[in-house]
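Note that chain A is present in both complexes that follow, paired respectively with chain B and with chain C.
Let's look at the complex of A and B:
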């Protein structure tokens, strides 16, 4: 059904796509999360830099991911779970508490990359249950009081007993 | 004078790995737009038979990452040009095993990454998508 309808809208050279079975907002059956290209006045960059962003406190021996990567004008952050910034230990708590810890850490990570939460363009948030949706939003609003970034939230299984995981793409 | 950023479809050189075309699915294996490459979610497809390769989870992950390397190299990019990966595991219990495999493929300066556990189609144990930069860099970003 999805593919039959979908094909009508993108009959030629369809976009890359990943389909997942997740919890979404109550009452909905489908959610689309889209990245599109717009017009630009800027010629394509001639260099292709890829820079690892790994501030001191984020460095963990043997970790198989980088906290963030800068690619051209964009910074791509790994999914962050609630951790104590001093020790790197998990800081599990309520959804509200974990959200606050994650967004605080995210602001610091972006600052270390010369960016900030205000320059976030797209946020993806995973929560263990969509019943906690409003508990994310209430804290989230404190961090993005005006012109918040585009955002997708869904319910999904998380690693390590965490209740919330948040990733984002920001402008450098 | 404005002009559109060029948007082109990326397909694997090995047609057996062109899952969306072979299964007549309405998505492209990948799209390049400007300097960025966006790949669709990939699974453990056998590059010889084109069928699923549902062995132990470590082998599924290796196969998927090898296929991803092939897809990126088909677009003259590579695993060392990936900036962001999203990994979906069918079983969150496979997380440690996944990290072990990850270090084989990304020994230094690994991409940023998000992992979650969800239902997957076709009995796959893993699905991975990525955003990469086009072009060759010096190996591992220096």
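Let's look at the complex of A and C:
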């Protein structure tokens, strides 16, 4: 059903796409978030080589991911779960506590990449249960006090017993 | 430069309508990053629950409005995250509804 409609609205040269089964707020069945080119010039992210951002404390041998990638004007962060920044050990706690730890770590990672939370343009947050939505939101507001980035939140199954995972794209 | 894109119609501003701490979209580096969009009446912000098809159609129509207000359009999409409620994807029990996995598209 969704695919048929999708083809109607995006008939040619379809964009990169990910489909997920998640919990959506307030009983909705579908949610879409998109990234579009704003201008006719090629986006900067496609014009420059990519650079891995991996500050000392963020190295995780054995994990097939980079903490962050700089491409052109953007920094793309992997999904972060709550960890002790010194040891990398999981820092599980309440949804509010995990959210606070993640956003603190995210700020430090962005700073190491020459960016900051204030330069975030898009945040995707995954919670183990949408019943905890407000517990994420209340902490989130503290870290993005003005002009918050575009955002998508949904409920999803998370690995490692974590309750929250957050990823973001920021301007370099 | 990072620029907050205001909602072109009242119902697209989920911060105002529902207190969600987010901007409708952000323009930066030649790209437009849109917040996750659900089926809400663009004029008055009322929820418009329906079938998967009807909700998706409403979302696409709102995306057209939002992208047009930035000078972009659906023709210039580079990435889409499409999320569907697990209850519409399977006949899972209520228990399973709260233990969902992210599943890639087939």
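The working rule: the second predicted complex is superposed on the first by the 162 of 172 C-alpha atoms of A that agree within 3 Å, B and C clash if a C-alpha of one lies under 4 Å from a C-alpha of the other, contacts with A are read in each partner's own complex, and residues count from 1 in each chain.
Just so we're on the same page, a residue touches a chain if its C-beta (ideal position, glycine included) is under 8 Å from a C-beta of that chain, and two chains touch if they have at least 3 such contacts.
Keep in mind that what you see is a predicted model, and the values were worked out from it rather than measured.
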| item | value |
| --- | --- |
| Contacts of A:121 with chain B and chain C, given as first, second, both or neither | second |
| Which of chain B and chain C A:137 touches, first, second, both or neither | second |
| Partner chain in contact with A:68 - chain B first, chain C second, else both or neither | first |
| Contacts of A:104 with chain B and chain C, given as first, second, both or neither | neither |
| Chain B versus chain C as contact partner of A:37, first or second or both or neither | both |
| Which of chain B and chain C A:29 touches, first, second, both or neither | second |
| Winner by number of chain A residues touched, once chain B and chain C are compared | C |
| First, second, both or neither for A:20, with chain B first and chain C second | both |
| Touching partner for A:152 - first (chain B), second (chain C), both, neither | second |
| Residues on chain A lying within both footprints (that of chain B and that of chain C) | 6, 10, 14-22, 35, 37-39, 41, 44-45, 72, 74, 124, 126, 156-157, 169 |
| In the complex, chain A residues that touch chain C | 1-2, 4-6, 9-10, 12, 14-39, 41-45, 72-74, 119, 121-124, 126, 129, 137, 140-141, 144, 147-157, 169, 171 |
| Footprint of chain A on chain B - complex, ascending | 1-9, 25-31, 33-36, 38-41, 80-81, 83-84, 86, 88, 92, 95, 99, 102-103, 106, 109-121, 127, 129, 131, 133-137, 141 |
| Residues of chain A defined as touching chain B within the complex | 3, 6-7, 10, 13-22, 35, 37-41, 44-45, 48-52, 62-69, 71-72, 74, 76-79, 124, 126, 156-160, 165, 167, 169 |
| Footprint of chain A on chain C - complex, ascending | 1-2, 4, 15, 20-39, 47, 49-53, 55-57, 59-60, 63, 67, 70-90, 97-105 |
